[in-house]
Structure formats: C-alpha cells, structure tokens
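Shared between the two complexes below is chain A, which has chain B as its partner in the first and chain C in the second.
And now, the complex of A and B:
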C-alpha cells in the first residue's frame, strides 16, 4: 500500500469520528438498540408475571397447567436491536459513505487531492479501508453496550459459545453495513450533485430494507391472521408441513422475493446465530452454519459488489469530470 | 392576499412536478398501491386454500378464519405504504420546497416584493397539500379499480365511502411530514441535515415510539396485523398513555385499519384518532408558518 493510501485512510478515519452527523447518528443507534433490549427484557418479565399469576390462580382453583413458562435466552432478546441495526444502521452507513465524497465535493478539495501523484485506487481504497475500520469500531462498541445492558437489565452473563454467536452476528452486520457505505460512496462519486446520491441511496434503502421484506412478510399466510393462521386453525407442526407442501410454488415465489433483499439475508443469518429462529436456538455453530451459510454469502457478495462499484466510480476521471453543481 | 398565496401555491405545484426524485417516489407509491391489492388477493386466496386443505386432511375443525373478511381488507398493505413511501415522499416534497428556493437564491427576490413570510409559507404548504391530495386521490381511484379487477364487481357505496375516508385520513397523516420537511428545508444550513433530520424523526415515529407502547419488534410494525397481543405491563401501559397522543403512526394505523376493516382491527369509532391527526396536522402547519420566517429563509447554505 502506498503512502498516499495510508494518509487518506488516517484522515478519513479521523474525520468520521469528528463528524457531528456520525456522532449523533451513532449515539442514536446505540440508544435505540439498548432501549430495544430493555423493552424486550421488560416485556419478558411482564409475560412471566402473567404466567405466574395464571399458574397461581389455577393452583387455587385446584387445577394444574400443562403450559410451560415463557423461555427466552439472552441472545433472543437482541432481536429488536438487530432489526434496528438493519434499518437505522443502514441509514447511518449511507450517511457515512456519502459524506466521504460529499465533503470533498462541497469543499472543492478534489482537484487539490488529484493534483498530487497518487495511485489510481488510492483515494477509493483509503476511504473504503477507513469505512471498514469505522464499522469495526462501531460494532465493537455496540457489542460492549449490549453485553453491559444484558448484564444489568437481564442479569445475564453470556457463555463463550453465546459470545461467539454474538460475534458472528456482528460479523454479518459488518458486511451488511459495508455494503451500504460502499454503495453510497460509489453513488456520491457517480452523481454530479451529492444530494442526488443521498436521495437515490434512500430510495434503494426504502425498497431493499423495508418494501421487499414487508411484501414477503405480508405474503406469509401465517402472518395475516391475528395470532397466526395455524395457531388459529389449531393445526400442529406435522400437519402444517404437510399442508404447506401443496403450496410450494407460492412459498418459493415468496422466498425468491425475500432473497432479492440483502437485508433479509442479514436478518436470517443474524437471527439464526442469535437463536431467534427456534430451530437454531442453543444449537452448535456448525449446525447453524450448515443451514444458513447462504445468508452470509449473499451479503458478502453484495458487499464485494458495492466495494467494486465504489472503486470503479471513486476515481479522478469521475470525480473531476462530473463537477458538482 | 389570497392572490399572492395562490400564486405561490401554483408555482409550488409546478416546481414539484419537475422534482424527478419526488416523482419517482410518488410513482413507486402508486405502483405499490396497485401491487397491494394483488398481494392481498394472492394472500387471501392462499389462506383460503390452506384452510380447505387443512380441512380436507382433517387437521382442523376450526371455522374459516377469513369468513368475516371485508372487501377492503384486501388493500390492507396500503396502510403501511402510506406510512413508508407516502411519508418519505411528503418529507422530500417539503424539504425540496424551501431548500430549492433558498439554493436558487429566489428567496431574496420574493421578499423584495410585498409578500409576508406567512403568505409565502401558506402558499407553499397549500401547494404541497394540494399535490399530496391529488396523488392520494389517484391512489384511491387506482385502489377502487384494482378491487373491481380482483373481485369482478365494484365496491358498495358504503365501502367506497370508507375507501375515500381512508385516503382523506392518509392526507391528514402526511401533513406533519411535509411540514417537517418544509421546516428543515427552511432552517438547515446543510443539505444533508435538511434531509437526514426529518428521516430520523420519521424512523422514530414509525419504529421507536410504537415499540415503546407495544413491545412489538420494529420489523413486525410493518405488518398491518400485529404478530401478538400488545404487552400489558405497567411500563407499556404508561408509555401508551404518554406517547399515544403524539404517535401519529399509531393513530393512523389504528383508524386506517378500522376504516378498511382489517381482520382483528378495532372497528369502533376512531373519532379520537381523527381529532388527534387533525390537531397534529394543524399544529405542524402552524409551526411551519411560524418558523419559516424571512430572516431564517435568507440564511445561506453552507454546502
């Protein structure tokens, strides 16, 4: 790596942590993620108390219950937090990626930068490497905030295996957030007006993060009857599978639609590691990986494509050729 | 006075029509309104088939879960698309309205004429509301036609009335978002913050506040039917009491679901939801008129 690369990398990394937008958004993300964790814990305690009252009432009436008490592992409480990472984290990623180019365009520093003898990819690679380290730092901070909140609110100390699963979920988050930052960086380099890039990024974000998964969710028959279709019909698991086999085309179409969204892949992979999806709860890592490796590979491919797009757009010809209005 | 306001409003509608990104979002919104009907129909059809299959295999003896479903329930997803795409489009229209004039430097020119900042803001907001009203009218018409196409017969007069009322409700719901965009476009020194702050407020209203009152997960809030009953703990009851009056999305979702008679929704009168949305709409427009003053609007952009 050239000296120019390291200089740009250091400057960008420092700039991000001096940016007001970044600090405010990062603080907002940490607050909503920990708040979600607290809400999840409070909700669990409410449900547990309801259950205990119900058992007590039954006991006084001389009856017993077959119903098991509500169970929740500490990692499952992170579901809402990871959903915020999926939605608000992506906004933060877009703003940081876009900001790296927008500031140069608004300040008019690009011509100065490219008047020096720097390599073709030094600027892009320096900025992308800084983004990678920024996200690593943010996610490390988030993990720490999560561990502390879990300890103080839920009274939970994670086992080594649980910490490894949390680490892998955060790894998936790193890939996912790099995709959004690289995409926004590439778009900000590509468009003449940086704000147009910000808007296009938000339109893509809206479609990929919210609309496509929303359509997939609402096409799920089980989600469209209050309390769940199969629970309302009192159909057991075995019969559920037998019945759904007749609707494989509908289910494959729904699944194919969801698979076009990188957010859905991130969600599936992280929910598997966190045990939110019941079949992966408290299972060994090898088992989870064998069932969900595709959901890690797709975001990885997306992040590589985003990075390649950013590298191809963030160069002298594009940045100086398309002057900002 | 009226002449000035109408001239500003007319110009606002003309300018907004040339805003390609706002038009793209509006196009996506109308497209999703069309898709919403077909998604509703496909899901409805599948649920009925699943029920018949379960019945045939002897796996259930429960009554048909869709037996009481109303025709308007088929476009239930429109509630969510108004919250997602409609609100973001309204924000964009609002931001671009004031920001565009400030960037083009026409604010000085306008205020060199006998125009007060209140007239200017009223005209601008009127233009935006006329445009969003027109778009929602198209969406209502499109929804009606989609229902006709799906069911093979038009909606009854009562259902048509409820459909129209739903889009009037949506119009009220979008007021605060366009006003918020308008305010940020008027006061921000940077384009990034003009866009980003309203989007963050939107995320707070759509995800965080409803979660505080229901304990529902953020993504589940994008489903018109809540996945599970609302949590009844003291914290959530208190949150609901404190936050519900300002939670525009909760109000809109609840009244909208009632009007479309979405399965499991409370079909009681939603007069309080209507009043709350109307109050927030009026308050936000008043705030926009108060904040977008001449001296604030004339401040230059830093980027």
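And now, the complex of A and C:
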C-alpha cells in the first residue's frame, strides 16, 4: 500500500471520529442496543420470577410441576439489539459512506486532492479502509457494552463458545455494515449530486431492510396468527414439516423473495449464532455453520460487490468530471 | 534532447458534449517564465489548466510538462507541479499545519514538518499554524493555498485566477509571493487571469484565449513593442480579442 493510501486512510478515520453527527448517531445506536438488551434481560428475570412463584404456589398446594423453568441463554437476549443494528446500523452506515464523498464534493477539496501525485485507487481504497476500521471500532465498542450489560444486568458471564458466537455475529454485522457504507460511497461518487446518491441509498435501504423482509414475513403461514399458527393449533415440528411439504412451491417462492434481501441473510446468520432461532440454540458452531453458511456468504458477496463498485466509481473522472453544478 | 520548454501543448482540444471547451491549443512556455493566460469568462482558461495539470482528460491533442506526457505519465507530471485552484478550499475543521501536513504527505515529502516551517517562513505566513482554516479570510486562504502548492518544490506552479476576490492588500501580498517564487526559487508560473493589471505587473509572457482558441502568445515585452499604437495592455487585449491580429 502506498504512502498516499495510508495518509488518506488516517485522515478519513480521524475525520469520522471528529464528526459530532457521527458521535451522536453512534452513541444513540449503542444506547438503543444496550437498552434493548436491558429490557430483554429484565423481561427474562420477570418470567423467571413468575415461574418461581408458580412453583412455590404449586408446592404449597401440595402439587408438583413437570414444566421446565425458562432457560437463560444470554445471547438470545440480543435479538432486539441485532434488529436495531440491522435497521438503524444500516442507516448510519449509509450516512457515513455518503458523507465521505459528499463533504469533499460540497467543500470543493477534490481538485487539490487529485492534483497530488497519488495512485488511481488511493482515494477510494483509503476511504474504504477507514470505513472498515470505523465499523470494527464501533462493533468492538458495542461488544464491550453488551458484555458489560449482560454481566451487570443479566448476571451472565459468557462461556468461550458464547463469546465466539457473539464474535461471529459481530463479524457478520461488520460485513453487513460495510456493504451499506461501500454502496453509499460508490453512489455518492457516481452521481453528479451527492443528495441523489443519498436518496437512491435510502430507496434501496427501504426495499432491502423493510419491504422485502416484511413481504416474506407476511407470506409466512406461521405468522398468520399471533403466537404462531402451528403453536396455536398445537401442531408439532414433525407435522409442521409434513404440512409445509404440501406448500413447497409457495414456501420456495417466499424463501427466494427473502433471499434477495441482504438484511434477511444477516438476520438469519446472526440469529443462528445467537441462538434466537431455536434449532440452533446451544448447538456447536460447526452445526450452526453447516446450516447457515449461505447467510454469511451472501452478505460477504454483497460487501465485496459494494466495495468493487465503490473502487470503480470513486475516481478522478467521476469526482471531477461529474462535479455538482 | 534536453529542452528548455517546461510546458508544451499540441493541438489540445476538449469537447463538453456539443460545447467546445478548447480547440487545437498549441503553446510553449519556457523555464523561468511567469505566463499569464488571458481570456473572458468561459474562454477555456480553467479547462486548459485542468488538462495540463492532469485533472481533466483532453478530447484530443497532447501536452507535456517537464518532458512528461500528461496522459502517459500523469503521476510524474503531478510530482513536478503545484496547483492553486480558483476559490481554494481546504479542510476547515483542521488547522493550517494539519492541512499542510496532509498535502505534504500526499506529495511524499520525507520531512514534512520541517518543509512546512520553511515554506511558511518564505511566504511570511508564520503564526497561524495552529489556527483552523475555517477561521481564515479569503486572502489567508490563498496564501495557505500557495503554501500547499509549493511544499514539494514544484518546477511549475499553476494558479487559477489567484487574485479573484482578494482585497488590494491581498493582491499585493500574493503578487509579491509569486515574484519571489519565480526570482528566488526559479519556479515557472502559469497563471490564469482576466485581470490585465495583474498581468502587466506580474507576468513576463502572455497568451490570449477566446472561445477555446489560442489567439495569441508572446512575451509581454514583445507584445507591447508590437502594438505601438496602443497605450495599454487593455487596448492590445481588446484589439487581439476582436480579431485585429
């Protein structure tokens, strides 16, 4: 890597953390995610207390219970937090990626920058590398906040395996956020007016993060009744599969639709690692990976494409030739 | 063959869609000159500078700076030039020193701190190193712009409308800086301007552009001698621009 690359990388990384907007948005994301975890942990405590009161009352009445106590899986409490990361994190990623180009376009510093003897890809690569480190830092901070909250509010100390699963979920989050940032950076370089890039990014965000997953959820037969159709009808898993086999085309179509959304892949992969998806709860990593590797590979491919797009667009020809009027 | 031409363009043209930006511009500028490119707004002056500084690709034609082709050796060209755009913009949240350090590092300087101190001393611009650029006046920005442009000791300095928007004191200070760079450091200066007064006081040679075409190029001294009937450069310019020569 050239010296120009490192110079741009260091400046961009510093600029992000100097930005008040970024700090406020990032703090808001961390607070929202931590609050969600706290609420989830408190909710679990309530369920556990209810169960203990129920057992106590049964004992006093001379009875016994066959019902198992609620199982504490600390990582499962992160469901809400990761949903926030999926939705709000993507917005933050778009804003930061867009801002890296927009600030230079609006300020008019690009001519000075490109008048220096820098390489063809130094600007794009330096900015993308800075974004990668920004997200790594933010997610490291988030992981720390999660561990501290789980310990102090949930009283949970994570095992090595759980820490590995949290780490893999954060890895998926890093890839997912890089996709959004790279896409916004590429679009801001490609369009004449940076605001057009912001608009296009949000239209994509709306489709990928909200509309497609919502259509998929609405089409899911199990979501037709609150609490789950099969659970309400008291149909066990084996029968569920038997019933769904009669609707294989419908189910394949629904799945194919969901698979066009990178957010859905991120959600599936992270929920599997966190054990939110029951079939993966407390399962070995190899088992989870064998069932969900595609959900990691798709976001990886998306982030790679986003990065390639940004590298191809963030160049002198686009940035100076298509400057905003 | 060693040439004393620092800049040479041959049939340089630029089309913006159906609009002509530059048409077959061929000019040569020798080492040590202060060249003033004159023309109305929209004559193609900024396009010419943008192409020669490798910021813009020509539609056709070639150009060399210090013997390096602008298309084949763009990076080498940029190593040899300093550039001050019209309305120079910096990173306002950074201090003057931080801004200059950034551009010095992009210019691959080995000891940027020392060089920044030398340049600011040369431009008589010390005492503002820790001030943020956002607090600078237009004149101070121009001087900061000159500082960033000469950090790496370029052979040629390109200035795009350097006195535009400056107050009289700012113009005088900038003019003094340009002359000192030329006299003491031997820098060739290529200046875009529509200020005839500025050309008279600063430049050693001139070129006149009209609608993308180079109408005239010669030394200032010879130009004045060639038009004895005109009392000022302004009259000569108007004569040439009207197609009198």
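Criterion: the second predicted complex is superposed on the first by the 312 of 325 C-alpha atoms of A that agree within 3 Å, B and C clash if a C-alpha of one lies under 4 Å from a C-alpha of the other, contacts with A are read in each partner's own complex, and residues count from 1 in each chain.
The rule we apply is simple: a residue touches a chain if its C-beta (ideal position, glycine included) is under 8 Å from a C-beta of that chain, and two chains touch if they have at least 3 such contacts.
Just so you know, these numbers come straight off a predicted model, no measurement behind them.
Contact with chain B, but none with chain C, is seen for A:199 once the two complexes are overlaid on the shared chain. Judged by the touch definition given at the top, the superposed model places A:119 against chain C, while chain B stays out of reach. In the superposition on chain A, contact is made by A:235 with chain B only, not with chain C. Applying the stated contact rule after C-alpha superposition, one finds that A:4 touches chain C and leaves chain B untouched. In the superposed model, A:315 makes contact with neither chain B nor chain C. By the touch criterion defined above, A:255 lies against neither chain B nor chain C after alignment on the C-alpha atoms of chain A. By the touch criterion stated above, A:42 is placed in contact with chain B alone, chain C being left untouched. Annotation: chain A has no residue touching chain B in one complex and chain C in the other. Chain B contributes residues 21, 24-25, 28, 32, 35, 39, 42-43, 46-47, 49-51, 53-54, 57, 59-60, 62, 65-66, 76-77, 80-81, 84-85, 88, 92, 191-193, 195-196, 199-200, 203, 207-208, 211-212, 215, 217-219, 222-228, 231-233, 235-236, 263-264, 303 to its touches with chain A in the complex. The residues of chain A lying in touch with chain B in their complex are 21, 25, 28, 32, 35-36, 39-40, 42-43, 45-47, 49-50, 79-80, 83-84, 86-88, 91, 95, 98-99, 102, 106, 194-196, 198-200, 202-203, 206-207, 210-211, 213-215, 217-219, 221, 223-229, 232-236, 239, 242-244, 246-247, 250, 267. Only residues 50, 53-57, 75-76, 78-79, 81, 83, 85, 87-93, 102-103, 105-108, 148 of chain C touch chain A when the two sit together in their complex.
Chain A meets chain C in the complex at residues 3-4, 7-8, 11, 15, 18, 107-109, 111-119, 316-317, 320-321.
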